[in-house]
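Dropping the structures in below, format is structure tokens.
What follows is subunit A paired twice: with subunit B in the first complex and subunit C in the second.
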Partner chain A sequence: MHVMTTRKVRLGRLSLLIALTGLALFMMLPIVFLFNHAFKPLNELFLFPPRFLVSNPTAQNFERLWNATSDDLVPFTRYLFNSVIVVSTTLVAVVVVSSMAAYALAKFKFHFRSVIMSLIYVSLMFAAETVQIPRYLIISGIGVSDTYFAHILPFIAAPVSVFLLIQFIGQIPDSLLEAAKIDGATEWTMFMRIVVPLAAPAISTVAILTFQAVWGDTEASTLYIHEETLKTLPYYIQTLSQATQNAVSGQGMIAAAGLMMFVPNLIVFLLFQNRVMETMVNSGIKE
Partner chain B sequence: MAATGTSRRGRSLYRWKEYSVGYMFLLPWTIGFAVFMAFPIGWSLFISFHTVAFKAEGMEYTFVGIENYRRVLAEDSEYSVKLLLYFQEVVIMIPLIILFSFLVSILLNQRFRGRMLFRALFFLPVIFATGQVLMELFRQGQGDLPFISQYGLEEIVASAVGVQFAAPVLGVLSKAVIILWYSGVQILIFIAGFQTIPGSIYEAIRIDGASPWESFWKITLPAMKPFIGLCTLYTFVDMFTFPFNPIMELVSKHMFLQKTGYGYSSAMAWLYFAVVLVMMLTVIWFTSRSRKSG
Partner chain C sequence: MADVKFKQVYKYYGNEDRPSVIDFNLDVLDGEFLVLVGPSGCGKTTTLRMLAGLEEISKGEIYIGDKFINYVAPKHRDIAMVFQNYALYPNLTIYENMALGLKLRKVAKYEIELQVTRAAKILEISHLLSKRPSQLSGGQKQRVALGRAIVREPQVFLMDEPLSNLDAKLRAQTRAELIKLHSQLQTTTVYVTHDQTEAMTMGTRIVVMKDGRIQQVARPQELYDRPLNMFVAGFIGTPQMNFIEGEITQRDGQLYFENKRLRLAVPDRRAYDLRQDPAPSRQVVLGVRPEHIMSGAMALEDFPQWKIQGRVEMVELMGSDTFVFINVGQDKPVVSRMEAHTNIAVDDQAEAVIQMEKALFFRKEDGLAIRSREAISSCSGS
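Let's turn to the complex of A and B:
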């Protein structure tokens, strides 16, 4: 009986692995496609029906992209520099501000707590597109248009990040915090030493999501920034691909640019996703 | 008398002290939220009762009452139809996404060789969250499942579930790819949720002679309830604010049209928002109720 069940388990596990492998391969398709697409020569880009894999890889798309950018007044590196500054500042700001807010909402009692919670739920439903114009008026009203702040500030109060973090910080047992308090920890030490490490998986998730949103954002550059030297990389790539959309060589450039926009996403993802895995099991978190 | 007075003052002082720490932690976020979320949202509600004209000296608002809303509901033939179709689709999609990501995360939570690699692969969709990559794929026609038209699946589905439901079911089928690629964050939340259940509980229940099946129903599922609720809400939000969903496209399209304008599109957004909110509150109500009973 016992032997039979273990064999059954083993068989089940094998089929499970096969199913997972199939699904996982499927998950990789977009990445495979992106990489192959960027290295396709022109004649392969326009094949019909479109081919998934490249048969004669070439770097000419990247060369074209490079040549197209070298004639511009503002160098390509300037956009890249702007993007790096904006993304890194926003990432740090969002993580700090939202985990602080989530800690307060999950673990403190105060007036209006339920009001703020319901406000978060309500604002979750509001897509950024619908509040573009009021936001524009505010940005110009407080006088931060044409500064880096116009890129950064609208992202900071992200309701989604707080919403995700509240649930995880809420799981941290109160007794752990109380014990630290009795040992004389200040609120800030408790936050930094207990809450942040224990919520690391959720914080990493927030970091990944925020990076995606900010790195790919063209709204700020389009609406709030008029100074060309302060715009970011995705905006530049968007204008480039719009300008060359109808040209045959443009398709190759778009594919190359798409890959270039995607690679940082992949890198950040790989960096943070390991943190997501860190188990809370061994830390004795649950009561 | 005096004693109770002091003690009450003492208590309120103590409470204020206790509360103030919370306020300090909340403050930066609140400011940002008020300025960049709450205020613009309120403004868009205000605008939805007006028509907006862009003049050289700024914007000009004319109060029109509920005229915008009436026009959206009564005159816009596209809006109601698209809304209804999209809701039908989402109602089918959300349980599928939750179920799929829950199953996958259970599998990924098992111990087996290479599970780190598998986990990383299943989180990959997270980085398509912004939609650029997905849109690119759809433009290329790689997002559809070709077998649907190849094997005449349409008739089979239509005969199975009836003609009126065939369209949403087929829509879901052809979006099986999307279900897969939309479950990244959900899988992530579930796996992170599983980590909050200590292994010692499983050991204890195994020693008591429970089968894995029983321990799933008695331990895993109840402990995961808050995370299932969280995931449902997240999926909800994700599906409804996806910038390429038909309603959002409609709203953005009307925003700068001469005939309709920003007031009209705000009314559209608010109507949509009201419906979604009612649905979301139902979900929250259900999850909070199940949490209490669970």
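Let's turn to the complex of A and C:
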């Protein structure tokens, strides 16, 4: 009887495992395609029927992309440099501002706290398109158009991140902070040594979401930046694909650019996802 | 080490009509183990948190030693607190947990190491120092929380129900260890609990609180023997003290306690108290502890004037004794602590004797113990 049930369980698990592996492989197809496509030489890119895997891999596409310039003669590397600057600054700024705001809103009692909280909740409900015009007015009003701030500022107001972190930091028992207070910790020490490490899973999630949003963003480059040298990589790739839509020679560059846009996302996700799991397991916040 | 003084301390929370702590006056002596006990919501934890600096003091003054501490930040009060849920930092190792307080006070590294190792040795947690809180059992976490408190060598220990998350066996064991620890360190300790057993076994003195007010401050035995009111009498002791309503009558110079079912002669000593009562009241409540209700032929023969009888409603075997619940015509049966091998069964007609010399009388209108004026002032003054 016992043997029967274990065998049944094993069989059930095995079929589940097979089904999930199949699903995972299927989900991986676009990624595999993306990687292969970027390394295909020109003749393979236009094969009919199209091939999934590359047979003569070449770095030619990347070479051409690297040396490419826009119509205004701004080199590809400049866009890449802009993107790196914007993404790293925004990431740090969002994490710092959101976690501090969330800590204050979750753990302090002050006037208008509930008003501020409801404002944050309300702002979660607006579709991105509806705030484009007010954002434009603000950006040009404070005179930061055509600077890096135009890229960064709109992202720092991150209601989703604050909301997520409030939920998470709210779960940290007050007694932990009180114990630290008695131990002699200042607010800053409490924040850095207790709140941030314990909220690491949520902070990692915020980092992943922010990175993906900023890395792929074309809004700032399209709306607030006129100076070509300050525009970012996704904008360049967008124009590249628009300009070379029908041109045979540009297809290789587009394939390489697609991979370049995707790989950092993958790396950041793998990096932080690992951290999310690790902190979830070891946090031991709940008794 | 230092004493702690509360002077007319009040705590009001924002929108409450009634303060949570009312006119709290108390001197905690140097080196004393003072227990604050009371039902939930009585203000004991609030009082402790005001002393710790985690709650603002609405009115009144608190002193640690000679220092007025109302506006002093918690970290400068030289206290250490043990929390109910231990409040260990989950992201730090046990060593770091214990060392953090010293580290933040910029104590030298070798000194920290010395202190932590010493505390770990006292509490037998040396082997856990490299682990994290999530790897520890409840009892071990409790020790670490204590360790974190003692490494700092504070003036006062504050403990907020530190044992209530432990299982019964571990709680009894840790209780004994806490008593031992206190006798070793002799640090002034303020301990909050809702468990009267903890209060009775650990406290040098006990403060019983209800609805934000101090009901009585006394040593454990005195609290048990001479409670100032019905609340304290009922709160301390398991099973609870029996309360029987009735009135005081006088026949031929002898006072009697009487109700529909009973007439018990009041012994001289108690009669004196009743006659001396500043507000002589005829309507009283008789309070008698279960162990002062005896059965057995000899008792019945010797004290026929104190006999009660009734149907047995329930019998609880405790191993060492038996609790017999006798219906004497009230809402609640009277509980008697009898010896283990009593041959009494449910629905029997039982006879027992109330030891009236040990019984207490309370005024029905306000529940205060009836005692001569001198007795009351000498008790409450301690």
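The definition used in the following text is that the second predicted complex is superposed on the first by the 210 of 287 C-alpha atoms of A that agree within 3 Å, B and C clash if a C-alpha of one lies under 4 Å from a C-alpha of the other, contacts with A are read in each partner's own complex, and residues count from 1 in each chain.
Throughout what follows, contacts are C-beta pairs under 8 Å (C-beta built on N, C-alpha and C of every residue); 3 or more make two chains touch, one makes a residue touch a chain.
Every value quoted in this text rests on a predicted model; they were computed, and no experiment measured them.
Chemist: Of the partners subunit B and subunit C, which touch A:L266 in the superposed model: first, second, both, neither?
Modeler: Touch status of A:L266: first partner only.
Chemist: Per the overlay, which chain contacts more subunit A residues, subunit B or subunit C?
Modeler: Ranking subunit B and subunit C by residues of subunit A touched puts B first.
Chemist: For A:A101, using the defined touch cut-off, is the partner it touches subunit B, subunit C, both, or neither? Pick first, second, both or neither.
Modeler: Once the two structures are laid over each other on A, A:A101 reaches subunit B alone.
Chemist: Using the touch definition from the top, say if A:A243 reaches subunit B (first), subunit C (second), both or neither.
Modeler: The answer is neither, since A:A243 touches no partner chain.
Chemist: Based on the superposed arrangement, let me know which partner A:T189 touches: subunit B (first), subunit C (second), both, or neither?
Modeler: second
Chemist: For A:P197, using the defined touch cut-off, is the partner it touches subunit B, subunit C, both, or neither? Pick first, second, both or neither.
Modeler: So A:P197 only meets subunit C here.
Chemist: Where does A:P173 make contact in the superposed view: on subunit B (first), on subunit C (second), on both, or on neither?
Modeler: Second partner only.
Chemist: Under the stated touch criterion, which partner chain does A:I31 make contact with: subunit B (first), subunit C (second), both, or neither?
Modeler: Once the two structures are laid over each other on A, A:I31 reaches subunit B alone.
Chemist: Of the two partner chains, subunit B (first) and subunit C (second), which one does A:K181 touch, if any: first, second, both, or neither?
Modeler: Once the two structures are laid over each other on A, A:K181 reaches subunit C alone.
Chemist: Where on subunit A do subunit B and subunit C both make contact?
Modeler: 284-285.
Chemist: Over in the complex, which subunit A residues touch subunit B? Could you list them?
Modeler: Residue list for subunit A touching subunit B: 13, 16-17, 20, 23-24, 26-31, 33-34, 37, 49-50, 52, 97-98, 100-101, 103-105, 107-111, 116, 119, 121-127, 129-135, 137-138, 142, 153-154, 156-157, 159-160, 162-164, 167-168, 170-171, 187, 191, 201-202, 205, 208-209, 212-213, 216, 258, 261-262, 265-266, 269-270, 273, 276-277, 279-281, 284-286.
Chemist: Applying the document's contact rule, which stretches of subunit A touch subunit C when the two form their complex?
Modeler: On the subunit A side, the touching residues are 173, 175-176, 178-185, 189, 193-194, 197-198, 282-285, 287.
Chemist: Across the complex, what residues on subunit B touch subunit A?
Modeler: 18-19, 21-26, 28-41, 43-44, 47, 59, 104, 107-108, 110, 112, 116, 118-130, 132-134, 136-137, 140-142, 180-181, 185, 188-189, 191-192, 195-199, 226-227, 230, 233-234, 237, 240-241, 243, 248, 251-252, 255, 262, 265-266, 269, 273, 276-277, 280, 284
Chemist: Give every residue of subunit C touching subunit A within the complex, in rising order.
Modeler: 52-54, 73-75, 79-81, 83-87, 89-92, 100-101, 104-105, 132-134, 138, 148, 152, 165
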